[in-house]
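Each of the next two complexes has chain A plus one other chain: chain B in the first, chain C in the second.
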Partner chain A sequence: MSESSAIPLTTADGIPLKTSLRRAVRRSRIRAFLLVSPLLLFLVVAFVMPIADMLWRSVDNPEVSTQLSRTAAALEGWDGESLPGEEVFAALAEDLRVGQEARNLGLLSSRLNYEKSGMRSTINRTARGLRTLDPPYKEALIAANTTWGERDTWQILQRETSPWTLSYYLAAVDRQLSPAGDIVKVPAHLEIHVSLFWRTLWMSLVITALTLLLGYPIAFLLASLPLRYSNLLLILVLLPFWTSLLVRTTTWIAILQSQGILNDLMVALGVIADDARWQMIHNKTGTIVAMTHILLPFMILPLYSVMKTISPSYMRAARSLGGRPFLCFRRVYFPLTLPGIAAGGILVFILSIGYYITPALVGGQSGRFITNTIAYHMQTSLNWGLAAAIASILLFVVVVCYLVFNRLIGVDKVKLG
Partner chain B sequence: MPYNDNRAGKSGGRGLVACAVAGVSLVGLSSLAQAQQTLNIVSWGGAYSMSQQKAYHEPWMAQTGDEIVNIDRSGNALAGLRAQSQAGNVTWDLVDMLPADAMIACAEGLIEPLDHDELLADAPDGTPPSEDFVDGALGECFVASIVYSNIVAYNSEMFPDDAQPGTIHDVFDLENYPGKRALIRKPINNLEWALVADGVAPEDVYDVLETEEGIQRAFAKLDTIKDHVIWWEEGAQPPQLLADREVAFASAYNGRIFNAMVTEDQPFEIIWDAQVFELDGWVVPTGKLDKVRDYLYFATDTQRLADQAQYISYGPARVSSSPMVSTHAETGIEMEEHMPTYEPNFATAIPKDDEFWADYNDELTQRFDAWLAQ
Partner chain C sequence: MNVSLQREKQDDAGEATAVADACFARFIDVQKSYDGVELVVKGFNLDVRRGEFVTLLGPSGSGKTTCLMMMAGFETPTHGQILLQGEPIDDLPPHKRGIGMVFQNYALFPHMSVAENLAFPLQVRHLPKEEIKRQVARALAMVRLDDFGDRRPAQLSGGQQQRVALARALVFEPELVLMDEPLGALDKNLREEMQYEIKRIHAELGVTMIYVTHDQTEALTMSDRIAVFNDGVVQQLASPETLYEAPENAFVANFIGENNRLHGEVIESIGDRCEVRLDSGETVAARPVAAGGIGARTTLSLRPERVGIVGEGDEAAFDNRFQAEVREVIYLGDHLRTRLEVCGNDEFIIKTPNAKGFPSLRPGQTVEVGWSSRDCRALDA
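The block that comes next holds the complex of A and B.
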């Protein structure tokens, strides 16, 4: 013992064993890191950076502070009570003149139009008409456009000189800053986002419950049938899974629309009258039916993989101990399938709150999700700040769902296959 | 050995010749490639892109050898331009967009300001472009090619022969004209029509809409038919919904309905009353002017605009083109009475107020969405 501690063990080439071991471990660590580094790089480029960019955009507010820098500086000492003085108006005129020459007032006017409708044309018209304006600018600007004579215009300008803003997040939850700076609800006729968030959540829950209800017996059948039948059945499950999402969605339109297959069939059978056809698409029903069908494989496959591992002898044992079939199922089989239910449930739920193409096509008005609003602000209104804020809230909701799920069930218990 | 040497020399010589030939042909190819360029042109797709293909692109490609790639992205052109400009990689050379979007893109510096009289062709009689184009067709960064119209069409087979609808009032009259309506899922057009149906004169529509009472009045009128409306989002939907008899009325772009009527023989009729017309045309992304200068000159001349009207029922934006509009290229029917600008169709037309919508679209869209969700 004492000898071995006095003379350290060495490898054949005389390097102490400890050092050699450490080197070998480090080498294998580097090799492992290099092996996963493409994936790591992909994750950073494709997930971490876009998400960081999105979070940054949702609070970024560069327009007023950069495009109206002189005005912003001049507004610093303004008390917010009476209209600002001539020097602020002169600074505004100068800012707009420079902006008009560089042709970069567009983003500024869009940004201010979010805060106060009409600011877009106010900025653009004023900038175009500046050449004919003479000092004093206060009178001249107010005469050219009465918006400059309103106190709240200047309160908004002063507030938005900050390089960061919460107004996108406030707009995403149907709130706004009053000109005085308090957080208030938007007028009732403009409230839209909160109800859409709730609808997205509860409809996703309904869809998850329906996929479970429909998928559980199918998965059970898949797991208990002899192999050659169950393989056939599995193909029937997977075939739609491999079919284009758009094809499956539009097929539901053909089936469910009021002149569609299902309604025609029921009219022909005399179940409903020709003028009382059911409206089953372009509403909530349409979204729920189509999305349940589309997401069903995501429930069946995890359930199947879990059920496959449950030995039939457990049920036989339970029966032989005198349990009636339902009791045996409830006390023995069902608890064993919980990891599959959890995996399928969280998978379907998270997929469905992020779905957007199917609700857009078959959801009509009542079956839309908050994701459709994000798409609208990304592609049409070009209010990317608001889109980023709504998306960030959705991301937050998903993370909270995940954490709650982890606390209740435990992610390590989830089996995907 | 000499024999071998000889062979080597010979083959070496041949290699040299081959190299020279290849070099010459390469030089030839590259000079050809310089003469022939590829233009990425963004437009609306469908029947509209087809009319541009026939009237502008095909003659241009035959004349110059250029290649033209059609990109169907005009629906989101502003978003695309902004994204490409922020990424510093603008791949679009010419974009077809609405004047309202062009105004915003111009203010953001995404597109080139245009000197119309210098860039565009004079009319055949020598009238300069600034006088030859219709009012509002030439924006700071915009040159219109067509006048198109938002109209309501109906399926004539869904009403008895003696009770066919004819005015915008009838669209809001559920008692006499039952059936579903398909309307665009936007406030634009719907608010205008609601006010006209409620008794506002077409020329006063935007004055009324600028007041809170006017907006409430428009929404109240829409409330009366809300339960009977299917809201569409893609231009291809309304003709489809009409053809499937899913709806009795559908708001649509007049060219799409025209196409369904003449080329697919659908029993559709257009209600021209209170049509909301606007222009549509070209903008040049910043930095692309030199590349598309010649094409733009060609595609906006009097003959080309008149030619386009052979393929789709959108009116040419040049006054000098109107007399040259003839018959539909495929069916030979007279195009004149199908044009939004045809006198009887135009009597109660509303010119879309781009500035109003530039200011109020964000707010009214949110209000419209909230109203829909109620």
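The block that comes next holds the complex of A and C.
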């Protein structure tokens, strides 16, 4: 042992063994890399870069520092106590004049409006009226719009000269910075995101629990039936994958709506009165029912693959040792299926907290997920920074779930199919 | 709990004990079919005495494991009855039978430590904690694994897992233990070691064991009695010695030990001696065991070690003598295995000790071999 560590091993012709080995496997390494490179490239372009872009956007804050660059420079020496001096007002007037000429004040006014409502119209009106203003600008601007005479306005402007901001993340959790720089809650009527996050989490948990409850017996049946029956059953389990997600979701609308199949049937059977039809769609019930159905295969498959490997002799041994059937299940079979439960659970949970289309179609107002809010900020309000911040928080939640799962169960123990 | 109940019942019975001991476990005309078309077990009868070691021996698919599973309660007989201590147990679920069982692949619970595995049958019987601890320690000591209680089954070798499985089947003190090819997954040396281990435990505890195997050496080494299975039927039920020395039919003779076979027709039969004309023309004197009357086809069965070479001194008893040509000699250390052509059969094997005074044979050489008609059994065709 000591000899081999002292003298490096060589091959017969004197080349060090390590060099020789590296040379020998280089060709197969290169080939392996070439084989995975298309996918790698695709993942970088379509997955890694968008995520990086999203994370960057959630803290990016270029508007004030670029479009009000003179004002930003002038504000540097301001003490933040009294109103700033004439040179700051003059710089602002110049910035706004330049911006108005280039017609690109829109983003700036929107951005400042997130921080202080009313800023959009303040900036737009001031910019339009600049031509009629004469120095000294301090008095002229305050006379034109009293907002410029408020200390808060200048504190916010000074704060937002920083190229980075946390205000999107604060907004994503219903908080904001006060002009003095303290983190405070937004007014109660604007609180929306935190409750949506919680709703998304608990509804995902309910959906996960339901898929487990419904999937466990099916997976058990699949694993214990003879092969030719279990194959047929497996095809039935996979059948939904062959149907469009949209079709599956809208089918639930046809079944569950108030003039739908289920309500009609219940009325016909006399279970409910015609004027007291159940409201089962466009609310939480709709989202939970439809998503449980859609995500069920993702629970069944990991469970099945784990159960398939559990030899029936374990249960027989437990029975022969004197355990009642339920006790044998609880002490022997159930613990052995835990990796499958964990794998299916984490899969369904992570899929469902990021689900968008089904809650959007059947969730109505009360069954919406946080993803629907992200889409709203992306497409309607165009507040991409906030959308990116919410999405980043969602990504963080998923990563935490994964890490906890890996710690408790171990990802390497999971087998899918 | 169950076991102790059965014990009380036994004590109350008093004079019935002797009867119950003789028929501790009984199979009465048991038949089993899985598909309603074919019988896997065709009328199985067996009485197991208390404390006996009975082996069900047979090739795979002969129905022996099915019989064991019916005793354990995992399969239901299609017909017939199974009694345990005189009581029918057909309606008793497996967990109420109080029968210990060792499975082919041990079936140790992989998520429990060795000690937890052993504690399982005691916990389900609601024994107090200290008692469980004591019994587990005792069971571990019995299989010589005292320091392995905290290990997981996956951390043990095959032989150690086997010992744990044995200890687990015995820890709740069942009176009957079933073993389904328990040594099948072990290599040869370990298998022999475990055979003695099981035998020792059987002798120590006096527990009744029913053992299933397809390995005849294992069956001969361990058993008090062996039931040889073929095609769903018990071919012969006897002690190892009787099975080897006096097989009742050609299957048993062939399945147990090595066996030279000669085919022919009975031409004369008087008392315990008959004359058989072989297909190659020679006439052989034999002992009729399961041969028919005159004119019936028969298979002569002859153990290789009962055939001698004329000229070695013990030929006085040989009332059959034939010329043979040596085909092959295999050196096996303590003895030589020689393949000969005798009476048209070129798979004729004899065993000669590798000792002084025995002639060394070479392929191509012609010798005269002989055997006693008492050792040559005329069986069914």
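Definition applied: the second predicted complex is superposed on the first by the 393 of 417 C-alpha atoms of A that agree within 3 Å, B and C clash if a C-alpha of one lies under 4 Å from a C-alpha of the other, contacts with A are read in each partner's own complex, and residues count from 1 in each chain.
We adopt the following convention: a residue touches a chain if its C-beta (ideal position, glycine included) is under 8 Å from a C-beta of that chain, and two chains touch if they have at least 3 such contacts.
Note that this is a predicted model, so its numbers are computed, not measured.
In the superposition on chain A, A:335 contacts chain C only, with no contact to chain B. Contact with chain C, but none with chain B, is seen for A:317 once the two complexes are overlaid on the shared chain.
Using the contact criterion defined above for the overlaid structures, shared-chain residue A:243 touches neither chain B nor chain C, since it reaches no partner.
Applying the stated contact rule after C-alpha superposition, one finds that A:383 touches chain B and leaves chain C untouched. When the shared chain is aligned, chain C comes close enough to touch A:327, but chain B does not. Which of chain B and chain C touches more residues of chain A: that partner is B.
By the touch criterion defined above, A:37 lies against neither chain B nor chain C after alignment on the C-alpha atoms of chain A.
In the three-chain superposition model, chain A touches chain B and chain C at no common residue.
For chain C in complex with chain A, the touching residues are 2, 72-74, 93-101, 103-105, 107-111, 120-121, 124-125, 168-169, 172, 178. Touching chain A in their complex are the following residues of chain B: 75-76, 78-79, 82, 103-110, 113, 185, 230-231, 233, 244-246, 355, 358-363, 365-367, 369-373.
Within the complex formed with chain B, the chain A residues making contact are 102-107, 109-110, 113-114, 117-121, 124, 188-192, 195-196, 257-259, 282, 360, 364-366, 373, 378-383. Chain A contributes residues 311, 313-314, 316-325, 327-328, 331-332, 335-336 to its touches with chain C in the complex.
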